[in-house]
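Each of the next two complexes has subunit A plus one other chain: subunit B in the first, subunit C in the second.
Entry: the complex of A and B
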């Protein structure tokens, strides 16, 4: 019994410590997540574009638009935690320091992004190819408005 | 007051087409969204114009030829002392012409390999890695500032000539003629036969068009290079 108790304490400590670790992910992990999010958005954007420029497969567009809207509504600000201004995820972060400071403006840009992404998810269900293309263009403008100010150009 | 012939028609067409195409490219590039497609088209058109102008710099009328207006430092010094007596681009302005043409060329060529990180890529971007395309995009964004600066200088010089030296440089670029100030002897500006000029114009346009076709990816074999996937159907799930 006397040997078991310290063992249990050690286990409890380890479990507690790992729970803390999960609550506060490392900056590298956060940067990886946010970089991955944009990779998924890129995938979605690519297949919507293929469908509005070429043959229109509604099912494919709906899937991609829903995925985009889900990401846009997911609270992306959580991936711009203080302490992740600099560093490497999959690669060096491309976020400019300003995105961590201009909270109000970035919030508006993020809301614009979510609004147009949700609209695209709606249009994808009923709209024709031209309507989807037009809304896809509007969505792209909200991407650009943020990239222009807050994304490092190589 | 007599008139002095300065610019041939193809040079004038080139100039104003370039103005229109650059404005289109800048505006559509700033708006983004689906207008980015017109950014790409206007860029290709600018490429064609620049290639045309390059050829016209060898076969055009005297004021259009590089050999006649690109001069050494001696000529530039003489011009600054007010000793230049010529028509067309002055020796100092020639440097601005070269800078404008060179920067515009660098801008359109980099654009061919660039991408907007959203839904658009230049027609030749697939020939380089996405990392390289990203670097070239950075260059494309950065070069734009240089181009803007030289265009600003160009417009400032024209304004200076209009306000201070009382010389209108814009009108000759429209009509082809400038007024000859009193007491100035006309400068000889020989013309070759109309047929020869027309042939040179058609040949230069044809070469420029072929170059644009190539730049638009017209010679890239389908199916696209191995860097892309999607030739075969993906699994249904």
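Entry: the complex of A and C
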């Protein structure tokens, strides 16, 4: 059994060590998945931003918000496995070493992110453009609060 | 207004030309997003496979299946914009030129993918391991049927 760090537990890690042992993804693959998750979140954000700042297409916003929420709830802590603190996926990891250590705080930030993403998915269904924009702003703050502390600056 | 190809319509493209004009993502960025989507789908598949072949953790399967379904429903056709037929995102695109041309057929394959992903998300909630495995197999067939025709072999 591999030991899991508190952060992994804190963000509701549901990957069992035995399950992962079967597939044994390499650290490089795990880092690629991790970097890809943030790209997909970035795509969704880009689409939502275009809609709240310009012509509002509710259907597109709902689709993008649902994708973001489902990803936020999908157990992202599993992508911060021990052994992936350093290394290259698509590029060198931008995760600071602290994200692997600050279990409690990172867990809180991850929960904030999921909460606001879930709320955006709800607001997107019925809210007007201004309400969606306001909730999108709250979601963005949760992204920023984590990036500020745990992402290497570009 | 940019012209949209039939495929983009067929897979329920909801991005308005005006919305995209605001952000004007570069082809390289769009291809990165596209490649990243399939990586996240690959991560989810990897997790589900580990669970249906080994120790079954329903919570993890539900999370991964929900993420896959939400992504499948998120309007992926928008990532096959004109101008992204060739080029490099994280790597050279593996999309064959035909995927930008075979609108009707590609739309059907995309709809099959979304349908089986939605079904997996349902089965994951209550189905036993064998039922989840069977539905995961059906989903995998929809991936393969598209890759066979429209993805450059590794």
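The definition used in the following text is that the second predicted complex is superposed on the first by the 132 of 154 C-alpha atoms of A that agree within 3 Å, B and C clash if a C-alpha of one lies under 4 Å from a C-alpha of the other, contacts with A are read in each partner's own complex, and residues count from 1 in each chain.
Note that a contact is a pair of C-beta atoms (placed from the backbone, for glycine too) under 8 Å apart; a residue touches a chain by one contact, two chains touch by 3 or more.
Computed from a predicted model, the values in this text were never measured in an experiment.
Participant: Determine, under the contact definition given at the top, whether A:59 touches first (subunit B), second (subunit C), both, or neither.
Facilitator: The answer is second: A:59 touches subunit C but not subunit B.
Participant: Between subunit B and subunit C, whom does A:133 touch in the aligned arrangement: first, second, both, or neither?
Facilitator: first
Participant: Looking only at subunit A, is it subunit B or subunit C that touches more of its residues?
Facilitator: Higher number of touched subunit A residues: C.
Participant: Where does A:154 make contact in the superposed view: on subunit B (first), on subunit C (second), on both, or on neither?
Facilitator: After superposition on chain A, A:154 lies in contact with subunit B alone.
Participant: Based on the superposed arrangement, let me know which partner A:46 touches: subunit B (first), subunit C (second), both, or neither?
Facilitator: Both partners, subunit B and subunit C.
Participant: Would you mind listing the overlap between the subunit B footprint and the subunit C footprint on subunit A?
Facilitator: Shared contact residues on subunit A (touching subunit B in one complex, subunit C in the other): 42, 46, 49.
Participant: Which positions of subunit C touch subunit A when the two form their complex?
Facilitator: It comes out as residues 12, 14-16, 18-20, 22-23, 25, 32-33, 35-37, 39-40, 42-44, 46-47, 49-51, 53-55, 57, 59-60, 63-64, 66-67, 69-71, 73-75, 78-79, 90.
Participant: Enumerate the contact residues on subunit B facing subunit A in the complex.
Facilitator: Contacts found on subunit B: 31-36, 116-119, 134-135, 137-138, 141-142.
Participant: Mind listing the subunit A positions that touch subunit B in their complex?
Facilitator: Touching subunit B: residues 42, 45-46, 48-49, 133-134, 136-138, 140-141, 143-145, 147, 151, 153-154 of subunit A.
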